[in-house]
Amino acid sequence: MIDPLYLEGVIKILFVFVLISAALIISTRSLASVLNTYTVQSFLLAAVSFLLYLIDGKSELLLLAGLTLASKVLLIPHFINRIEEKIKIRRDLDFTYLEPTTSLLLSIGLILLSYTFLSRVFGDLALSRLFFFGAVIGLSLTLMGMLVMFSRKKVITKALGYLSMENGVLMLGIFVTELPFILEVLIVIDLIILVLLTSILAVGLDSSIEEYRAKIRKLQIWNGGEAL
Amino acid sequence: MIRFYLLAMGAFLALDLLPKSHRLMNALASGNALLHLALTCTALLTLDLPVRYGPSLYLDHLNLYVELITVLGFCAAAPYAKGYTESLMEEGELDPKNLKLFYLAFNLLLVTATAALFSDNLALFWIFAELTTVCAAVLVVILSARENIDAGLKYVFIVSGAMLFAFLGLIFLFTLSARALGEGTLSWTELMENASSFSPALLLASFAFVFIGFGAKAGIAPFHTWLPDAYARAPSVSAILSGLMQNLGIYGILRTYALLRVSDSAPQASFILIAAGLFSIALAAFSMLQQRNLKRLIAFSSVEHMGLLLIGIGIGTPIALFWALFYMLVHVLVKEALLFAAGILHRQYGSNMREDMRDVFKLQPRAAWTLILGSIAIVGMPPFPLFPAKFFILLESAEVSPYLTLAVLLLLILAAAAFSNFLLKAFSRVTEEGEGEHGKEPGYRKKSFQDPYVVRAGMRIPTVFMLALALLLGLWFPEPLKVLLEAIVLELGYV
Amino acid sequence: MALIRKVKAQAQGRKGPGIFQAYYDLRKLIHKETIYSPASSGIMRLTPYLNLAALLVCSLFVPLVFVPEPAGGFGNVIVFLYLLALERFFTALCGLDAGSAFGGMGSSRSMSLAAVIEPTMVVAFAALAFVLKSLNLHEMFALTAGSILPVSPTLVLVSISLFIILIVETGRLPVDNPATHLELTMINEAMVLEQSGKNLALLELSHALKQLLLMGVLINTILPVGLSTEADAGKIVISALSFLLKAGALAVVIGLFESSLAKMRLFRLPAFYMMAFFFSALTILIEVFA
Amino acid sequence: MLEALVYGAFAALFSGTVLPLLYRSKNARKASFGLSFISSVLLLGFAGTILYTGKGALFPAISFLPGLDFTLGVDRLSAGFVLLIAAVVPGVSIYSLEYTEHAKSEAGKDLQAALTNLFILAMLLVVLAGNMVVFLIFWEIMSLSSLLLVLHDYSSEENKKAGFFYFVMTNLSTAFLFLGFISLFRLTGSAELGQLESVDPGALTLPFLCLFTGFGIKAGLVPFHKWLPYAHPAAPSGVSALMSGVMLKVAVYGFLRFLLAVPSPELWWGILVLTGGSLSALFGVIYALKESDIKRLLAYSSIENIGIIFIGIGLYVIFEAEGLPALALMSLTGACFHAFNHALFKSLLFLCAGSVVHATGTRNIEAFGGLVKSMPVTSALFLIGSVSIAALPPANGFAGELLLYQAFFQASALNDPLLTVLLVIALSGFALAGALAAALFVKLFGITCLALPRSEESRLAEEVPRPMLIRAAVPAAFCILAGIFSKQLLSLAGLDVEYPDLLLLGLLLGSIYAALFLAVRAKEDHEMEKRPARISETWGCGAPTLAPSMEYSSAGFSEPLVMIFKSIYRTRIMHRPKYFDGQESLFKNGNVEIRLLRFFEEYLYIPPARAIDSISKRISRLQNGKLDSYVLYAFLAVITLIIATGVLV
């Protein structure tokens, strides 16, 4: 059995990495690297939940770690890869409204904001430092994901932004309270569906109508299937 | 229980995959809608509400009422859809192969909406709401033309993005309940029972987040931006159906606000609601003035009405709530009539733009009059029932501040002016004899506008029916409805 | 008015027509034939009678020789004013009727001037009503009757404005020149230009009557001495005589006033009226503040 | 019994509304107008008895909305206005019978017939409304139906403008009424209009202001009058008669209804109303003088008369506040009576104008002339109308103003000097307006009917068909009668005010007139054999014949007054040069026009409209179709919401 304090230290380090990954998603230009960063982020998340499981042996956390690993580290990135191959985009160069540097500055602001906000809101909730910190990271991660959504042009990148938002939500979930596992599953399902949909649409958006019809015909079965 | 329902529906949908003929598919769709209608009515009549079945199925007056509204919308939309999609396919705008997908999504939307409404568990509600978003998006992109996809993307991104915040709100709620009860829960009923013991601060925060999510679903400014594009670019039917989903958002907000009423943070919450409502009304009213596109106009007007609904909820007096609920129903009726008529005009002229409309009274007199009467109704003029609803909501709003009332009134004038302006400009264009060929306008490249587009009965009847129903409600307020609404008001803990 | 002409003539160093010239004119006119213009219409025929009728009714309102008990709303100031308005209205109409440019011009001008003088008149009579605390000319003058001097100093002010009104209403210099037939200057004459024969006679008559009535009001206001209140033969004779005297005096005054002035430009007149307005307003102010 | 009459009227009007829509035929239209005629007769009986007995009635309430009943009630005031409606309607309905047939399309005709009935019904119900909500409902329906009638010829550009403008203005007024009624509702806690005794006057300020604005807009009070001169020419003549004859009065009714419910009105209310009234009286008539479009001119004169009515109301409030009930009653009576009379003669005039326009095909006064020969009956009726609107005794226009004058003249009874001075100023304004109105109608009648035709149309004009004559004869008769029997009418209505007997006056006038006429005629007769009355040309300074172009034109007629009031008629010189080249160096041609500066529009209506327009442009630019910006908005909203929550917590 490892010393929890030590683990907490590790977790804190992971937090920092999570933030860095978010910053990378905001700023890097190459789609592939964005995707990889996202994968790393999800992996970090999984790791965090695993460590938490080590601290207080709640089986949900372990399951969660597994789920995250399965869905976000393996399935979704793989799928998006395929999409990226379909549509020949490698880079997402142009930013709207915000240049990377400014958006990085802004994201620092976001972290501060979510800190103050949560500290006001959780005033009488007495979370431990670690957990509170986690919540803050989660919220700011969500906001940063949104920032990605509007500052990047390509739909794929937006989708990734959305995904990282969702990571943030999950993180908050982990740290604020232990959600029933079913919730996690649900949100992940939802996630997968949305990713599918958006990416299909993305494919459609940058391909002429005709071939798009062909594509969507391939995909429509999924669509119905997934939604069930 | 809800699982059984889902199973049944799953079977139904599987069935839906089989048929080949359009007629059969449509029959299935309308059958489904009617089935739901029947179920709802029987539930309303027979059960002594509220009741719970199993862990997660919860029936009370409120969700049955909302379900009733939604299903009404579907029942009207189903026959309309037939005629509309047919003409779409004639035009070659809709790929016949997508037809099945269309109906799949149609039924699926209904099912998910129902499931969302009746699930007692907030999380389930949330996920099903998400699924409705997905289905609606599929309906929007059904033409798989570029701008449809664009609209669909906006819809998905904005709404789901906001919905994530709603999920944050749920997490907060869960935490609260965990703190209060030791064992966390997300079931409406349990939350309602001991909402009083929650910490107001966190409750308010969760409300704010939930509000973001469902506000986006309901098309509250500034999350409304998906709405006009979806309305304007999607085929009318899809517009209608995605419009119906707005009530889902309102429903969520209503319930969450009901949670807050017992705690100390009610005033802040109602402040948020009223502010958002006023903002929506203002934004919508101002942007309506510039619209040359009929469907966009209608879209903005539903943003405006959502704003008014929010105010009605936010005031927090029983009367206001009562009329706000009534408002929900009537708004759906009138709005559908308007959209139906707009769809007919779109078939006629191949465009929603005001410039392309010409000789409306000669070509589509019925649609024209439906539009006129519908606009009269939608701007809240008697004898249509939006008028008393408006009056009483404003009456209660004077409680908050007369200036609020004045502001709303003036903004409503703008909206009314926008409608009248549009109709005047669109309908008064008459071609005298000997006026030259109008080859330029896109509307006439599609059809020579001398010959009227034959409106199928399936499209005409629902249009007239909705309007007639609205008018009837304006002239006579049925007693059962009154009882139902009062029951809802009581259930939500308004006294 | 004959007297006025006389006085003017005297003042201008001529030997004017005899006092009764006006009556000679009337007799002559009555014996002349009537000529209508083809352009004209029933208005042309209707007006003279109507005017005279209106003014005869008016004359019941103004006590010249004695004050009867007010009955049936007779003597109501407003009715009085509006009867005059009626007369003016129809005169203006028949000015337009013949379709000659003169008539049009005349009626246009007179209506405009009337419009401008109207507030003055009303306020002046309102002032009377204020001072004498009644709406009824008879009651008013029943109040003033008998006293040598005006019962209230403010009445002097009122009578100044009344005097101006008299000038304006009867179309005398400097507002209008009754003797002229030069289109630039004439107002009243222009309107009756197309009238002839008996109709003209009637119009002239009503014109003179109007003048008489206004003079009566003025006189009764400024020096009501000798005005008797009950219908008793002796008194009536006295007051009649006194009235004749006073009227004569007033006529002389008017004559002198006229001949001492040149005709004003049309658009300088409002200023002239403002004077009258000022006086009557002043009266009311004094009445109110005192 | 009485109720039966009213219900009969409702039934008639309602069936008159639906009939033409169900059976689209000429007979149906005929029937519907016949029905409205019948209803008006019924109403006459009803209102007459109520007025006479003075016993109000409250009809059984129908449960209508949760927490609100549908109640109708009637008392003396409303009965008076019902009488007003019933007096105007017969003329209009017979008139429209003919007039409607000139509409473009069949559907248009049916619609006109139906809407006219609906319009009347709505006005009737507004007057009878028992509580605020019912009032508002029918108020809106009234506005709506009149709007659709204004838009009967929707293809013409100016009608569209007029309709839009009217719609916006009427919505504005409704909005203010909403606010006013809502605040009243808050104060009293009930929708009834009657119960204000318990409320302290201070709290009534907001309702008063709102209602004054709202009703003022609807009644066309300066400076909210601008919609009248647009809407009236656009509507069919029968409808314009209804609008300016009755609808404006309905607004007056609403205002009175409120004022009478107030136990002790405040002084400054009265002053405000009085000022508004005087202003509209003056501006209305002054603008009318300049106008050469006959219907627009009439619209302006409606503004003037509304002004007079509001002067009366203002006087009422002032005297009431100063505790002089007798005078208050007198001025109130004056106001109501003038409203009644104005309804009569204005509808008469509008109908005459309608037939003149119908006969000549133009609305421009300058083109008329000499109609007295081509259409004698119409001109005679027109003359009656003009006489009574110029307030000449013994016609009815005079009767109402007489009361107001009396009230003014007795202002000395007030013990507040400044107030008296104010009244004197108002009085002079009132008098000026009256005289100007007289001038105006000398001009209108003289130019329209007298002298030589100024255009081919008016030379070829011929008398309109009989129905259109009968209809106008009805209000004409009412005008004379209401004037002559004014004292009797008032005493019948149970209002005993100091008032001269115009009947006597009229009789006297008539008899003297007859006497004179006979005398002269007799004299002429025994001269006849000697010299017949000769017909000869007008003296045209020796010109052989008199050309119409030599006649005095309407513009020329009002010239002196324009000169006198030139400070009010501001003119502006518009200079629009055109050039051959972009550098504007080679002057090609251009036009310079001097047009009347429309004061109120340019300083009161246009600026806010512009502002709103630019704002809305700016806002609708936000919806730029880019997903990024949409998400950005959402993002910002989220941030603000988070901050807000943080602050609120």
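Each chain gets a letter, A, B, C and D, in the order it is written, and its residues are counted from 1.
In the analysis below, contacts are C-beta pairs under 8 Å (C-beta built on N, C-alpha and C of every residue); 3 or more make two chains touch, one makes a residue touch a chain.
Since this is a predicted model, take the numbers as computed values, not measurements.
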Q.
If you average the CA coordinates per chain, which chain's centre is most distant from that of chain D?
A. A
Q. By number of C-beta pairs in contact, which chain pair leads?
A. C-D
Q: List the centre-to-centre spacing of chain A and chain B in whole Å, with centres computed as mean CA coordinates.
A: 31
Q. Roughly how many whole angstrom separate the Cα centroids of chain B and chain D?
A. 43
Q. Roughly how far is chain A from chain C, going centre to centre by Cα mean, in whole Å?
A. 100
Q | Length of the line joining the C-alpha centres of chain A and chain D, rounded to whole Å | A | 69
Q) chain B: which residues touch two or more other chains? A) 150, 153, 157, 161, 165, 201, 205
**Q.** In chain A, residues with contacts to at least two other chains
**A.** 117, 120-121, 146, 149, 158
**Q.** Shared interface positions of chain D, touching two or more other chains
**A.** 627, 630-631, 634, 638, 642, 645, 649
Q.
According to the definition already given, which pairs of chains are in contact?
A. A-B, A-D, B-D, C-D
Q.
Considering only the defined contacts, which chain A positions touch chain B in the complex?
A. 117, 120-125, 139, 142, 146, 149, 155, 158, 162, 165-166, 169, 172-173, 176-180, 182-183, 186-187, 189-190, 193-194, 197-198, 201-202, 204-205, 209, 212-213, 216-217, 220, 223-224, 227-228
**Q.** For the chain A and chain D complex, residues of the former touching the latter
**A.** 96-97, 113-114, 116-117, 120-121, 143, 146-147, 149-151, 153, 158
Q.
Considering only the defined contacts, which chain D positions touch chain A in the complex?
A. 626-632, 634-635, 638-639, 642-643, 645-646, 649
Q. Inside the complex, what are the residues of chain D that reach chain C?
A. 369-370, 372-373, 383, 387, 390-393, 398, 402, 405-406, 408-410, 412, 417, 420-421, 424, 427-432, 434-436, 438-439, 442-443, 445-447, 449-452, 487, 498-502, 504-505, 508-509, 512-513, 516-517, 520, 523-524, 527, 531-540, 546, 548, 550-552, 556-561, 563-564
Q. Can you name the residues of chain D that touch chain B in the complex?
A. 64-68, 107, 133, 136-138, 140-141, 144, 151, 154-155, 160, 163-164, 167-168, 171-172, 175, 178-179, 182-183, 185-186, 206, 612-613, 615-617, 619-620, 622-623, 625, 627, 630-631, 633-634, 636-638, 641-642, 644-645, 648-649
